[in-house]
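You will see two complexes here that share chain A, one where it goes with chain B and one where it goes with chain C.
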Partner chain A sequence: MRTSPGVRAAQYVALFGYVVFLGFPLLWLVSTAFKPPAELSQLTPTLFPVDWTWSNFQVAFAESQLPGALRNSFVVAVATAIITTLVALPAAYAIARYRSAVRNATIGWILISQVFPFILIVIPVFIVLKQIGLINTLPGLVIVYVVWALPFTLWMLQGYVAAIPRDLEEAASTDGANRFVILRAIIFPLLLPGLVATSMFAFINAWNEFFFALVIIQDPALQTAPLLLARYVGAEGSVNLGPLAATALITTLPSLIIFSIIQRKLVSGMLSGSVKG
Partner chain B sequence: MKRRLTTLSIATVTSAVLLTSGCISGSGGGSGGDAPQTAAPGEKVALTFSSYAFQDLTVKATQNIVDTWNAANPDIHVEYQKVDPNSVHDKLVTQFAGNQAPDIIHDESADIAGFSAQGYLADMTSLLPADLKADVPASVWQTVTFGGKVTGVPTIAQVYNLFANTDALQKAGITPPTADAPWTWDDLATNAKKLTTGGDVYGFAWGLKSPTAGLMSSGLAFDGKFFSGDEAKPTITVGANEMEVPNRVKKMIDDKTMAPNSISLSGTDVLPGFFGGKYGLVMAGNYVEAQIESKAPQGFNWTMLPLLKGTSQNQAAGPQTLSIARQSKHPAEAMKFIAYFMKAENLAKVAEGDALIPVTTSASAIVKKDLAGKHGWDAILGASASLVDSPWNKATKFPQWKSETATPAYQEFLAGKIDSATLQKRLTDGWTKINS
Partner chain C sequence: MAAVTQAPQPTRTRPPKRPPTQATANRRALWFLLLPSLVPVVLFSVYPLLNGIWLGFTDAQAGYQVDYHFNGLDNYVRLLKDDVFWNSFKIGLIWAFSVTILQFVLALGLALLLNAGLRFQWLVRPLALVPWAMPSVIVAILWKLIYHPDAGILNAVLKGLGIIDTNINWLGSFELALPAVIVVGVWAGMPQTTVTLLAGLQNTPYELHEAAALDGANGWQRFRTVTWPALRPIAIAITSLDFVWNFNSFGLVYVLTEGGPGGRTQLPMLFAYQRAFGNGEFGYAAALGNAMVIVIMAIMGAYLWRQLKEAV
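Coming up: the complex of A and B.
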């Protein structure tokens, strides 16, 4: 069925509007990062800077521990994404494939764990980490992030596993494939989009997280990017807007780059799952 | 049934976590850790110092104080930990509970009231050097004295004052007031009317997105005390004095001499309108001076005006503070660093960076000399005599009342959603409920 030119034009207009809606905050961030202080205080702000300046970036790099904070955030987020996915994968498979009373209890427990607000657990978590010597360490932060992300990633991943027809496994088994071969050759490729989505979720969660990092990290050399960003916001609404935007732009880039790389995998994985043999 | 089970599960899990983590101790807040010690001669001491210094110049001044101290005192090393201003309380709560608090804590008098009541802060009374004690007015020491114990050294303080576009004043034929003859609130209303030229040009604006602190502090000029009786658990009275400033502000909104949209803006959000000639007068905390200094367009002429007068020019002191954690093993050494921080030349640099008023006489003299005749600084520095210990400073439940009751009630009043009598009732009933 052919789409009429009018409908096609309307689709493009809607798509353009959606792209502008999504892209405008990023455009505004870029624009703000390059504006001098006087332009940031104009009554009627301009879309693009009149006098482009690097001064906000100079402040961001010269007067803060930005490179160190980016490195710490990257290490913590990558470690969280890898560990969370590695732990969640076998657990998700077991939950999706083996029906038992333990499965129901586990799913119930996952749901209950989502009820706890940060504020309820932060002090106990702090004390536990202190007792095992992990306060003010990046591994301590990674453990908290993994534990915090695990219930949702497990829930997410078991949905992907459940969506893979059992018939495929049974057919492979009939052909003589053992359990390991089935997992490696059948399940894993089909599960790739789910794994990518899960690891992205864990990565972004850890990359953006502020509150646990605030209470666990004391040493300035170990602070993560969100802690650094928060220091540009003062009391009673005062903000160092230019350096904040410059720092925010820089801290957004690694996330964008990783997302764009992983996104290709996500699409190729989806395609591989959709091809009929 | 399901709901009961969920509740039971949460309660059970929470208890288990708390028990396994040793959180339920039954002891007072600051009882953890070893007894305070004095370092033996030659022993190296490491102190941590958390500070929420925000403005670039203040951060630099603070870093310089720490660096020069460390260079001159190799046996007492201070590590500067930067904290963002909006997270100070949350971070300290966790650190105190985990017996991991910094030795030296930069906070403010209203916030240390609760920590003092919980026993987390050291009594500094016997540690204070005599010259430092004499350098700070007695009224300001009152703001950091809780139950007879001094748990913080006051450093710099903020007042709410008018910022004026001097070109707009001149154009309207208004002579700026002097420290000897400050404007009254009536004068503000009169001059705001003169500066209102129609369209979207208003004589006056006040960023009242968080209205409680500014309205209550300014209300002390009309003797609006709000609280009386027991300092930690006072009773509230919202009478005519307490309602003076809110009613006057509301009147200016109603007669369109005050920008109505400014009540939804923060203290610094009004600056673009100020720079753009939309507002002739702006009320803000005097820390905004630093923002204006760095952001005002070239050729923009402005000044700070003396504190507005009601029956007096009183405002709440509420200074920033330096405290010592009761968990600190080296309070004597921590006090030595605080005394160094408070040296006139050091505190003056911090105050100038933040555009706030130093509470010591000696630092105030330096700032006065440095900034004499500049943007009305003389009048603002003279305001330190008008700073009084506010009756709500030591009320333990005040922060909760402020966020849960006062702020939404004031916002609704200024937006015209409730009347004056309802505001009085909401403020009174809210406190009675929270404080019961």
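Coming up: the complex of A and C.
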């Protein structure tokens, strides 16, 4: 199958178009974050900063509640990642090994939870959290994030469990080892990469989330980074654009780094549903 | 799928005196394993969802100790008379259809290019994934910087090319705000669609392509007869999901425009949020949520029904 030179050329032109569309906004964010204030208020902005500067980052860290917000986001995301994985692990094992109606129920629930708009869930969650005194607290936010990440986490994890041959367990059980020992000594080490990928997925979900945080957290001292940024945007002037871009860049980095580590697994996890059926 | 039945195993491996106990033990173990996931999901997902649907038929308000009562279809009668509701659903549908269709077309093009063995894959692949990893708030900020009336690069570029001579306030304009926001929606949602379609493309049998090429089929004919039939189920699945996600989308537009100017970008979720947490009208907002579910189900039902009929 040869492609003619003309078609090849057209393909590269199209590819270049995609690179510009996808990459340019990112480039502009980086450029804005490193521009000094004088360059930001210029009538004809330049593509790259003339004088690269860290001053926007200094301003972002010094003047705003950024450190606090980043800490809140980090605490919430780590707690969500750990709890989600611990809670999902036994169920994922059961779904993969027992292959009962529970399996179909999980898939069903994943699909249903996609269709229903968050407004239907967030109002009752708001009421429940208020009743148990967890509204406007980080633990309240963690609970919601854990539940929200659970369906997909379960699905990813059960795929990893299913990939471990059942014979391994059966061989061990005929040797007289009990179930718990089998789980700890055989399944767990094999499952570790899957557990890491799954918890990273839950971390990104929690780190990026905005809507539930907007509803649940009112206290500025408890706000997560996306909340801080959304509030920051309201008060924008040309002068504030630099620190705003710097803050946005810092907030994106953790998700980008983690995402680059797990993207392959995430993609295969997403597709396992449609392929394995 | 390996159809493994649990029941016969114990009778084979264990002494025959205890088979029923073993089966019950298995069942008990299953529930024991499921419980840690089941409890939070029921408490904070299933129950709120059912309760949310129910609230849509009541006059619930925000605040402590407020009793609320079943009021039948009152909320929906009010909805039908509410111009803001019609406006937001109209905008929601324009937004969801435009974003989903553009996303699909652009993602399919990109997936085909990525699958064509071109160079610069090391550059394009990561770029195609980055928006996926970014928080929606950051995506919104990114594009606010581009659309910025004074310091934005878009106005600077268009001026430089001589296309415009005064700065345009993209997100503040009645005509341009919605299209501008749609572009952002497409940018943010392209990665999932591209990746899914690319995976589908890589699953299409290579031999078929070769055979078709030997028979003298050109690129378009090969796409229509070999690629598309294999890709079709995946395309239907991802466009359905995209549509639902887009119709229910919130954060992106909330940060970009807060629904403005003059409600021109007020998606249904923004309207519902404002009713629930701005005005405290929990019942009315939940009714809006129910209306959104009905609209989604109707459109998805019609779409999937048509696709199924065509497939037969």
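The working rule: the second predicted complex is superposed on the first by the 184 of 277 C-alpha atoms of A that agree within 3 Å, B and C clash if a C-alpha of one lies under 4 Å from a C-alpha of the other, contacts with A are read in each partner's own complex, and residues count from 1 in each chain.
FYI, a contact is a pair of C-beta atoms (placed from the backbone, for glycine too) under 8 Å apart; a residue touches a chain by one contact, two chains touch by 3 or more.
No experiment lies behind these values; they were computed from the predicted model shown.
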item	value
Residue contacts with chain A in the superposition, chain B compared against chain C	C
First (chain B), second (chain C), both or neither touched by A:218	first
Chain B versus chain C as contact partner of A:135, first or second or both or neither	first
Which of chain B and chain C A:38 touches, first, second, both or neither	first
Contacts of A:61 with chain B and chain C, given as first, second, both or neither	neither
Partner chain in contact with A:248 - chain B first, chain C second, else both or neither	second
First, second, both or neither for A:18, with chain B first and chain C second	second
First, second, both or neither for A:240, with chain B first and chain C second	first
Common ground on chain A, meaning residues reached by chain C in one complex and by chain B in the other	40-44, 115-116, 120-125, 127-128, 130, 211, 214-215, 230, 233, 236, 238
Chain C-touching residues of chain A, taken from the complex the two chains share	1, 3, 7-8, 11-12, 14-15, 18-19, 21-26, 28-29, 32, 40-45, 47, 86-88, 90-91, 93-94, 98-100, 102, 109, 113-125, 127-128, 130, 143-144, 146-148, 150-151, 154, 174, 179, 204, 207-211, 214-215, 225-226, 229-230, 233, 236, 238, 241, 244-245, 248, 251-252, 255-256, 258-260, 263, 267, 270-271, 274-277
Chain B residues touching chain A - in the complex, by the definition given at the top	6, 9-10, 13-14, 17-18, 20-23, 48, 54-56, 59, 80-87, 90-91, 93-95, 97-100, 102, 207, 209-210, 265-269, 271-273, 275-276, 278, 285, 287-288, 291, 294-298
Interface residues, chain C side, partner chain A - complex	1-2, 4, 6, 13, 26, 29-30, 32-38, 40-41, 43-45, 47-49, 51-53, 55-56, 60, 64, 106, 109-110, 113, 116, 118, 120, 123-124, 126-138, 140-146, 148, 150-153, 156, 159-160, 187, 190, 192, 195-196, 199, 203, 209-210, 213, 219, 233-234, 237, 241, 244-245, 247-248, 250-251, 254-255, 268-269, 272-273, 276-277, 282, 285-286, 288-290, 292-293, 296-297, 300
Of chain A, residues touching chain B in the complex	37-38, 40-44, 59, 63, 112, 115-116, 120-128, 130-131, 135, 211, 214-215, 218-220, 227, 230-231, 233-240
